[in-house]
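Two complexes come next, and they have one chain in common, chain A, joined by chain B in the first and chain C in the second.
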Partner chain A sequence: MTDQQQKDLQHDEVQAGTTTGLAAPSVDVTSSRQNSLWSDAWGQLRRSAIFWTGAVLGVIFVSMALFPSLFARGVDPRDCDLANSKGTPSAAHWLGFDQQGCDYLANVVYGARNSLLIGVLGVLGVLLLGVVVGAIAGFYGRLTDSVLSRIADIFYALPLILGALVLLRVGPSTGLPVISERGPGAVAVALAAFGWMTAMRLVRSQVIAVKSSDYVAAARAMGASDFRILVRHILPNAVAPVLVYATITIGVLIAAEATLTFLGVGLQPPAISWGLQIAQGQSLLRTAPHLVLFPSIILTLTVMAFILMGDALRDALDPRQRS
Partner chain B sequence: MGRYIARRLLLTIPVLIGASFLIFAMVYALPGDPIRALAGDRPLSQAVMAQLRDEFNLTDPLWLQYVKYVGDLVQGDLGTDFRGRPVLDTILLRLPVTVRLAVVAIAFEVLIGVVAGVLAGIRKNGFFDNLVLVSTTVIVSIPILVLAFVSQFVFGLQLGLFPIAGTTQGWYSYLLPGLVLASGSLAYVARLTRTSIAENMRADYVRTARAKGLPNKTVIVRHTLRNSLIPVVTFIGADIGTLMGGAIVTETVFNLPGIGRAVFDSVRAQEGAVVVGIVTLMVFFFIFFNLVVDVLYAVLDPRIRYD
Partner chain C sequence: MTILPTPAPAPWGSAGAAPLLDVEDLHVEFRTRSGVVNAVNGVSYTLAEGETLAILGESGSGKSVSAQAIMGILDSPPAEITGGKIWFEGRDLLTLPAEEQRLVRGPGISMIFQDALSSLNPVYSVGFQIGEMFRAHRGTSRKEAKQKAIELMDRVRIPAAAQRVNDYPHQFSGGMRQRVMIAMAIALDPRILIADEPTTALDVTVQAQVMDLLKDLQRDTGMGLVLITHDLGVVNEVADNVAVMYAGRIVERGTVTDVFSNPGHPYTEGLMSSVPQVESDGGRLVPITGQPPNLSAIPSGCPFHPRCPRRRLGAQALPGRDCAGDVPPLRLVVPGREAACHYSEEVLGV
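After this line comes the complex of A and B, so read on.
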């Protein structure tokens, strides 16, 4: 029965003063609230093998960062014996030993904390810069937008690794608070400083897309301030694409941290980092390839965890892709 | 079109100036005294040091140093490094290596990326399609650093198929680093081609072509492929600009003496003039190829018109 037929039937029944029951709507649309974007997305995510693969890997590496001793089988990464130098994997020491004779499993496991810390801090920095600059550029438009967009263009033309490389090399001599200490904070700041542009463009385009909507005009008519309109009415529209971007970017920044550390400007010994392990194993690739291979595998799996989750989120949050 | 290009060219000037100033400002905050480092064990007299500082404009305020630098730059003078060697010579010596590496990488993107994308796209959800989807996800997740070492280990050390460092074997030495450098873009090209082909397979003009009885091959090659490849060609074009500046890791791991390696060495050695010169060149490539791509878009797709 089509809607029109049903309506006609109901009209006829009212006219005749009878009820057949046929005119009652087959589905009670008023009682079950329509699904939101998020519950739809969760419904889709739950059935996605890609998402679960990424989520399980993500949980493993996050717990590895929080409780490394559980995964290191209780071995202290700095408890070394030179007699074991470059020892190959065995039943007692699953990943063998590094050049100094330290248990390699413990070292690889303890490397997770710095990587994840820098990935998460870096993305928070990217979001802070990207959302603030993007919202201001999109909302105020005109000259403000032109100036901010040109600044983003300038940063966009510099490759992330190159910009961060120079900033971290200069960092210690600048005397600025975080950037002059050669720790995870400095790496995160350098990555955020040269990586915020895509988030800015994402937020800016979302703000421009909705700022002339009727509901924004209504909020303004009711006397809402610019700040309130932006935060309560405009920015929530950008949450979905920004969330997808942020998830993938955590993985990208973790890879970038390892690269910068490998190039010698990121974390410095005695910090424990996969980038440092790869750099130290590099010259021993012929004699002890496991020194490069194990941190490489774990690094790749960590990056993959976030990229898989981001991919699955993108598919789930894009209603156009749903069948 | 002419007016569009002119406007775009004008817009590149502030970006070029901004990016080079950004690097300039950071580089000239580099720690230490390069003149004192240059002198080494035998200390120079105060007068000589003062004269050298003067020669490299190290006593001027930052903005004046930059203005002097740009003034020389527009006359084709990129300055000299602290050993007196012109920066332009370094660039001209190193650039061919980077260009060759980029050419090999682009060739892989086209050969592997486009072909895999086409095969996946014409049978969406088939076995090959899923294979491409899974393998591109894996490839995108592998950091270039890791891929470089793993390929060195497997193809260079274990199988002995490729040289793992240097450029002694001509173009052959560029194959492995080229493939590593291309990997991320290659996966993206495959996905882009796949999506684009799958979308166009449902287009009205493809149905028309089939309806008038054209053989499958003609429909795919003449009708679907031609339109589907427009976004792919433009992505690859823009990627040339990125590859020219993004090869720091690949050139370092494979020990290729290109501009990526040069800029990395110069950052470490505090050779400010070399860093600023090469980075400005990289930014120029990036902007230039993006402009070419935007123009190319209008040439390839008559539905797009500027002005």
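After this line comes the complex of A and C, so read on.
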């Protein structure tokens, strides 16, 4: 028997609860059945076609953002020739040319970086705000919780796009460091500022649930401080649903960035972004529909990649979703 | 209704020196939407160095709540400590600022819980969790803390400690998990260890191993042990003294041998006769009739009187000793024995 087979047999025994190989004098059958949350989730994810679809698409777009010249076939997106204006797709230029006569494939590929950057930065902002505010509200409860939850409700009343639109509109006149320059940072901050509430509610409810668990009482009985209990014991057990939400939100924020840019308050030319490409292409929709079509398709695929991964992750982490 | 004055608690058992822990007239209530639940109603006891005090009582008798009050880990709200003093090392824990109270937990008083699996954090290895005691209280480095965790795991007789230090709680059996809890609890050499039903979730052979371990550790360190349990067998094996609780009060206390061989309160008497005896052949068990008291409406007088086979009401009662009207104080009945029953002498047969 090989080592691997031996391990597998041991694993099967553990699964079946028939093992006698534990180093302990007493054998508790129930203990061996409990795998960790994450190893179970991974076992589930591995068999999920939805996850793999999302993951493959995600890897493609992330590498597009990291190494755009590879995907643009070495063409510089700003190397334009007006003679090629609105040129249709051909064997040499797969996605044709835009109005300025720039290679459209290169432009679409280079747009991935800004979109993903804003999606990821925005989600980090959402997580930071959501986890900090939610953890404080859930852990301290009472008045603190009421005040923070009502603040979240106020933000809920403001639609994400509308709030971000207003913030980005007044941003340049405020003179504040990030928000006054119309870069990816400003868009990410605007989106995080109006998109953190769901994450906060998720964290808050998880913290409340975990707070009453025995190991938190035990940690308290062993003299752990509030901060230590919150950071060491509660948060690691409360983040799983928030990670799922974050994955989905990357997609949502990428779409929101495109919307804001399309509306003229997001990124500004000469930045390259899918939102800008769609905005500029819309007036030429009848003569050169591919200018809207290609960035839209790739935007949709990116958003879909993250939502698929998030969906699969949620199913994998929720035992009730398992068949 | 008259309430007799409570006599000053007399020294009892082996307590000669100043006690480690002195609980005085502790009151805890839960304020719920449907009314006030009086969980602990004037509990007093002392614990000496090296002493094992068993607190015996059925579910809802207030034994766990009083322990949580000592540890300062009651969930408040709804729980509220409404009276009493808890003296430890010359200070009243209840009046200490929260931060100083926290510093007592761990190096001063420590606690182990009934269900070791749910009391251990599932996301950390056991070595990390034991080492956490040193990092949190003494700022020990990660590496050194791990070394100390291995030593402690050895000390609580977990086999192959060095190999198992990185295992997670779910990879241990029930008895081993309880040992991990014990290792955490004794990590900082506490003066007092409170064990809240430490063996209830374990099977009988493992129970004995864990209790032996606790006794050995106590012999090595001289710590005081408060053992909260409803298991008469465990009390009989390991405890020096026993306090029997009913409806949030201590109804009897004394040395285990005395109390078990000749109970001085009808409730204790009922408990003893409801235990199956190996020697007796085939007789029926004698249960205590009736229901445990509703703590938001504790019966007047002696809280046990509605279930008591020896109750004396109205004309049968001696003056000032009506079981339904007069609350019996916990009083010294015979040397070394206190009981809260108007007719304790009768129960004892002295």
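Just so it is clear, the second predicted complex is superposed on the first by the 289 of 323 C-alpha atoms of A that agree within 3 Å, B and C clash if a C-alpha of one lies under 4 Å from a C-alpha of the other, contacts with A are read in each partner's own complex, and residues count from 1 in each chain.
Rule of thumb we're sticking to: a residue touches a chain if its C-beta (ideal position, glycine included) is under 8 Å from a C-beta of that chain, and two chains touch if they have at least 3 such contacts.
What you see is a predicted model; the values in this text were computed from it and never measured.
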item: Which of chain B and chain C A:Phe67 touches, first, second, both or neither; value: neither
item: Which superposed partner A:Phe227 touches (first chain B, second chain C, both, neither); value: neither
item: First, second, both or neither for A:Asp153, with chain B first and chain C second; value: first
item: Partner chain in contact with A:Trp42 - chain B first, chain C second, else both or neither; value: neither
item: Which of chain B and chain C A:Ala217 touches, first, second, both or neither; value: second
item: Chain B versus chain C as contact partner of A:Arg169, first or second or both or neither; value: first
item: Between chain B and chain C, more extensive residue contact with chain A; value: B
item: Chain A positions touched by chain B in one structure and by chain C in the second; value: none
item: In the complex, chain A residues that touch chain C; value: 22-28, 31, 34-37, 212-215, 217-225, 228, 232-233, 236-237
item: Chain A-touching residues of chain B, taken from the complex the two chains share; value: 14-16, 18-19, 22-23, 26-27, 29-32, 137-138, 140-146, 149-150, 152-153, 157, 242, 245-246, 248-249, 252-253, 263-264, 267-268, 275, 279, 282-283, 286-287
item: Chain A-facing residues of chain C, complex; value: 71, 73, 75, 102-107, 110-111, 113, 115, 117-124, 132-133, 136-137, 159-160, 163-164, 168, 170-177, 181, 184-185, 202-203, 205-206, 209
item: Complex contacts: residues of chain A adjacent to chain B; value: 50, 150-151, 153-155, 157-159, 161-163, 165-167, 169-170, 172-174, 251, 255, 258-259, 262-265, 275, 278, 282, 285-286, 289, 292-293, 296, 299-300, 303-304, 307-308, 311
